[in-house]
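Below you'll find the structure, written out as structure tokens, and then a few comments.
Chain naming follows the written order as A, B, C and D, and within any one chain the residues start at number 1.
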Amino acid sequence: SDAVARYALGLGDDALILAQRLGEWIAHAPELEEDVALGNIGLDLLGHARSFLTYAGSAWEKSEDDLAYFRDEPEFTNHQLFERPNGDFAHTIARQLIASVYFDALYGRLTASSDPTLAAIAAKAAKEVAYHVDHSVQWVRRLGLGTDESHRRMQAGLDALWPFVDELFRPDAAIEVLGDVAVRPETLRDEFDRTVPAVIVESGLAVPAVAPAAGGGRAGVHTEVFGHLLAEMQVLARQHPGATW
Amino acid sequence: SDAVARYALGLGDDALILAQRLGEWIAHAPELEEDVALGNIGLDLLGHARSFLTYAGSAWEKSEDDLAYFRDEPEFTNHQLFERPNGDFAHTIARQLIASVYFDALYGRLTASSDPTLAAIAAKAAKEVAYHVDHSVQWVRRLGLGTDESHRRMQAGLDALWPFVDELFRPDAAIEVLGDVAVRPETLRDEFDRTVPAVIVESGLAVPAVAPAAGGGRAGVHTEVFGHLLAEMQVLARQHPGATW
Amino acid sequence: TPEQLEFERLIETDSRVEPTDWMPEAYRKTLIRQISQHAHSEIIGMQPEGNWITRAPSLKRKAILMAKVQDEAGHGLYLYSAAQTLGISRDAMYDQLLSGTAKYSSIFNYTTPTWADMGSIGWLVDGAAICNQVPLCRCSYGPYGRAMVRICKEESFHQRQGFEILLTLMRGTPEQQRMAQESVNRWYAPALMMFGPPDGESPNSQRSMAWKIKRFSNDELRQRFVDMLVPQAEVLGVTLPDPDIRWNEERGHYDFGVLDWDEFYEVLAGRGQANTVRLANRRAAHDDGAWVREAARAYAAREDADRSTLLERIA
Amino acid sequence: TPEQLEFERLIETDSRVEPTDWMPEAYRKTLIRQISQHAHSEIIGMQPEGNWITRAPSLKRKAILMAKVQDEAGHGLYLYSAAQTLGISRDAMYDQLLSGTAKYSSIFNYTTPTWADMGSIGWLVDGAAICNQVPLCRCSYGPYGRAMVRICKEESFHQRQGFEILLTLMRGTPEQQRMAQESVNRWYAPALMMFGPPDGESPNSQRSMAWKIKRFSNDELRQRFVDMLVPQAEVLGVTLPDPDIRWNEERGHYDFGVLDWDEFYEVLAGRGQANTVRLANRRAAHDDGAWVREAARAYAAREDADRSTLLERIA
């Protein structure tokens, strides 16, 4: 149905846009092992995105590429967190910590969806994001407890990304109506609050006390960096409309 | 004639692409005075670009915007120096030093062009680039002689941009045939060599000893960053072909 | 005291108070707060428009936009200078901005997702700013009043350019028209809120008016703005997103609907679209540029020392 | 010496030399140079393709490209490990790369202005690499030979993907076909030069062949490559940019034209399209990441200390 497709679209956009950001890191990571690790995570997310977008598109006779390359900014429904710039490695890790724990909680629950396709995608994705959680937790710890500079940068990264946490867990009327098919975002907040602040504190860092941003990603409202991201992502596909690659 | 138009196009592309890079600085400069200064320089260059492109386009019944927004990468004929990324402030200043002295020498001579339009554009531009030279020379001095860090960064900036100097002064068969209309690039090298190395040395820095890059900007060969720059610059105009703004 | 009487006389006779004149501490503080907030607004206000410089859809528009954003930096510098005459340093003001203790106009916490926002900011935001600022040209404090004269001239130029952007879009393709209307829909109410809360909820206004810093109340200025907008919207062909707008023959003004002040207070409290991003960007620029400013200082100190040595040798 | 005899026996009988075996110093040095250059090439080789990850024109291609570039980082790590068995540290090798004293394959100093270059790199550059590397699977030094077995498997996968990219373009729009042909025109000759100078001008080859590090001469491998390319180009429908290519019945091979070695030596001397940019990018990544690596070291040291304290307390 259209409502299920829109739900899948949101999940697909989240994964796609974060994968796009991680793709920017490749060949620029602080060490080769991280080129591999960030590439792996990006690839996993891209895989999730493709599954969700293909499923969403099946309701509208659109391909994953129609959706990824030929929608404009207000039609993208990813949460704003995922489009935020990479910043330094600590910023990226802060975004990864929030994102991975969110995905982990979400996919864990979505595995029980009454929609078998969503359940199957989530089951596969859940295994992969568990590794992503590990990766980010280890780095938050290393950077939080490493040197003065890494501590300062890690805290700055958390502070910069924290305003975008709230949006992930806001109630969404479009999801309410889906019943057992979808996971109500507000029900995931507990798991996030049990995990992430503990990691932060154990790493010698402070849970940021900052006001949440207004958000609106699921409704197509994005931060100013997003238009630039899309310009780059879509440039070639749009130069050759209708072409096959 | 077509040959004169192609010459003007090259000059226009040089100014346009450097203006685009300087536009990226605005609201991110190290101090407000530099937001103003880099903005001013960018605006001047954009003005030169518009004059040259309008003149070039008049031979082909194309507007400045047709040329700026609807050519693809291999049709842009700017030298590679101007498309190189901003890097840190020292990189930008290194690029400005090379660019401004080059423009200063070029426009000074082009004022005597037998083509009255080129001569008039050059005469106006020459006055403005004299200020750009001052601005960059002062900053090279401040950064070269300022602190250890600024010295290190300024040297790194010069080292990174120096491979792109050579291309500016290579003989160009397309210019040879233009006689008194154009300035043969190789004839500008002397003035550059009299000015820039002296500034570098007086600022306590070393003239880089690095191999020149292969170049080819005038023939449409660009460095890998250029496609990304174009994607951003042209995105909106291309989304609305034929629209007026 | 005689100074106090002299100050009161200056205010009463609509003369200017100058930096060297005696003034009440509260007057000074009020001005410092207002002028520095105004300066901060110019500086933060560079960001929403700066967002489109690299993507402006024509070279002419790119040039106009670059010049405009640069004007804003210039206004900021000019206003910081005016505030400095009241005995506060630019660094101190700038630190207040970066630490989040000083405010800037809440309007700049909205974002610019489309090119049409370059039009709406000019027409609506600069338009509201002008309504606010024209009376400030007669402000009792001399340096601020004079700064505003110059700034108002440039702002009205900016407003015309914004109007022109929207006009071109409204005469363009259906897509461009939609883009313009959608943008006006987003900016209209926030622009009206730029004049501040309704008069009943604006406690400091009274005193500022007595001191002739402020000349009209928030609601008076808002009314003036709406009266100006409605005919301009008709020329543009855009619909203002308020079904309650209608001409009131009796009042000689346009009536308009009640604004959603809850949203205003949300943004003011830091929960707008871009509050944290705006400050973070400004801080990043400041931090990334620290080594440059340090180098400039070190170089200047060295030059001074060289000059002293030279003078000593000559003597 | 008996060790020397044993080494010679291993070489003669096509057995593997292992890290714990005695080996001549020159053999060790040659291998270190070759393996580390190979590793560096994988690392620098991430850049020309990394350039298109954010712009890949379909999600499938984006995934394949990300996986490929990541494989290259993996190959680099794998090869550094193989070289380490010869008694050189990864940091030492990496420093040689960053300081410009070590070389990497000159082919990666060419740039990738179009998407079709993702096809040409796969088909031509990886194709040439495979021709070079398949014989290396039988290299006399064990760890290198075994590394090559794994790498060759992945490379031939990459080559197929590159072929597929070009095939899709050649079956696409006229613009796509032009893009593919133009790209092949640029990459063909540089790919042929990947095998190194003509045999007459390649002084070190002889010894490497005697040591069974290398199994075929540069020209033999180049011929093998051309023989492989010609029929594949026919399937693709692209023209190889060499008018002298024709089948030589007598030799049982394709004849081909003389290459412009001047350009090769220009690029080798640092005057290619991207030499300085490639190294500068790698250095920037290394410098920007210094604080991360330092933090990781400090954290690890702290963890070790904690563990020792814990053990002491238990004891």
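We take it that a residue touches a chain if its C-beta (ideal position, glycine included) is under 8 Å from a C-beta of that chain, and two chains touch if they have at least 3 such contacts.
Please read these numbers as outputs of a predicted model, since none were measured by experiment.
Asks: Considering only mean CA positions as chain centres, point out the chain farthest from subunit D.
Replies: The chain lying farthest from subunit D is C.
Asks: Sort out for me whether B-D or A-D is joined by the greater number of C-beta contact pairs.
Replies: Of A-D and B-D, it is A-D that has more C-beta pairs in contact.
Asks: How many angstrom lie between the CA centroids of subunit B and subunit D, rounded to a whole number?
Replies: Roughly 36 Å, centre to centre.
Asks: At what distance in angstrom does the C-alpha mean of subunit B lie from that of subunit A?
Replies: Computed value for the inter-centroid distance: 40 Å.
Asks: Could you put a whole-Å number on the gap between the CA centroids of subunit C and subunit D?
Replies: 57
Asks: So which bits of subunit D are touching at least two other chains?
Replies: 47, 54-55
Asks: At least two partner chains per residue is the criterion; list those residues in subunit A.
Replies: As it turns out, subunit A has residues touching two or more other chains at 227-228, 231-232, 235.
Asks: How is the touch graph of the chains shaped: line, ring, star, complete or other?
Replies: It is other, because the touches fit no line, ring, star or complete pattern.
Asks: Touching pairs of chains, which are they?
Replies: Applying the touch rule to all chain pairs gives A-B, A-C, A-D, B-C, B-D.
Asks: Hey, which residues of subunit B end up touching subunit C in the complex?
Replies: Its residues touching subunit C are 16, 20, 23-24, 26-36, 39-40, 42-43, 46-47, 49-50, 53, 64-65, 68-69, 88-89, 141-143, 145-147, 149-150, 153, 232-233, 235-237, 240, 242-245.
Asks: In their complex, what parts of subunit C are in touch with subunit B?
Replies: 43, 46-47, 50, 53-63, 66-67, 69-70, 73-74, 76-77, 115, 165, 168-169, 171-173, 175-176, 281, 284-285, 288-299, 302
Asks: Give every residue of subunit A touching subunit B within the complex, in rising order.
Replies: Residues in contact with subunit B: 72, 227-228, 231-232, 235, 238-239.
Asks: Any idea which subunit D residues touch subunit B in the complex?
Replies: 47-48, 51, 54-55, 111-114, 266-267, 269-277, 280
Asks: Provide the residue numbers of subunit B that touch subunit D in the complex, in ascending order.
Replies: 73-74, 160, 163, 210-214, 216, 221-224, 226-228, 231
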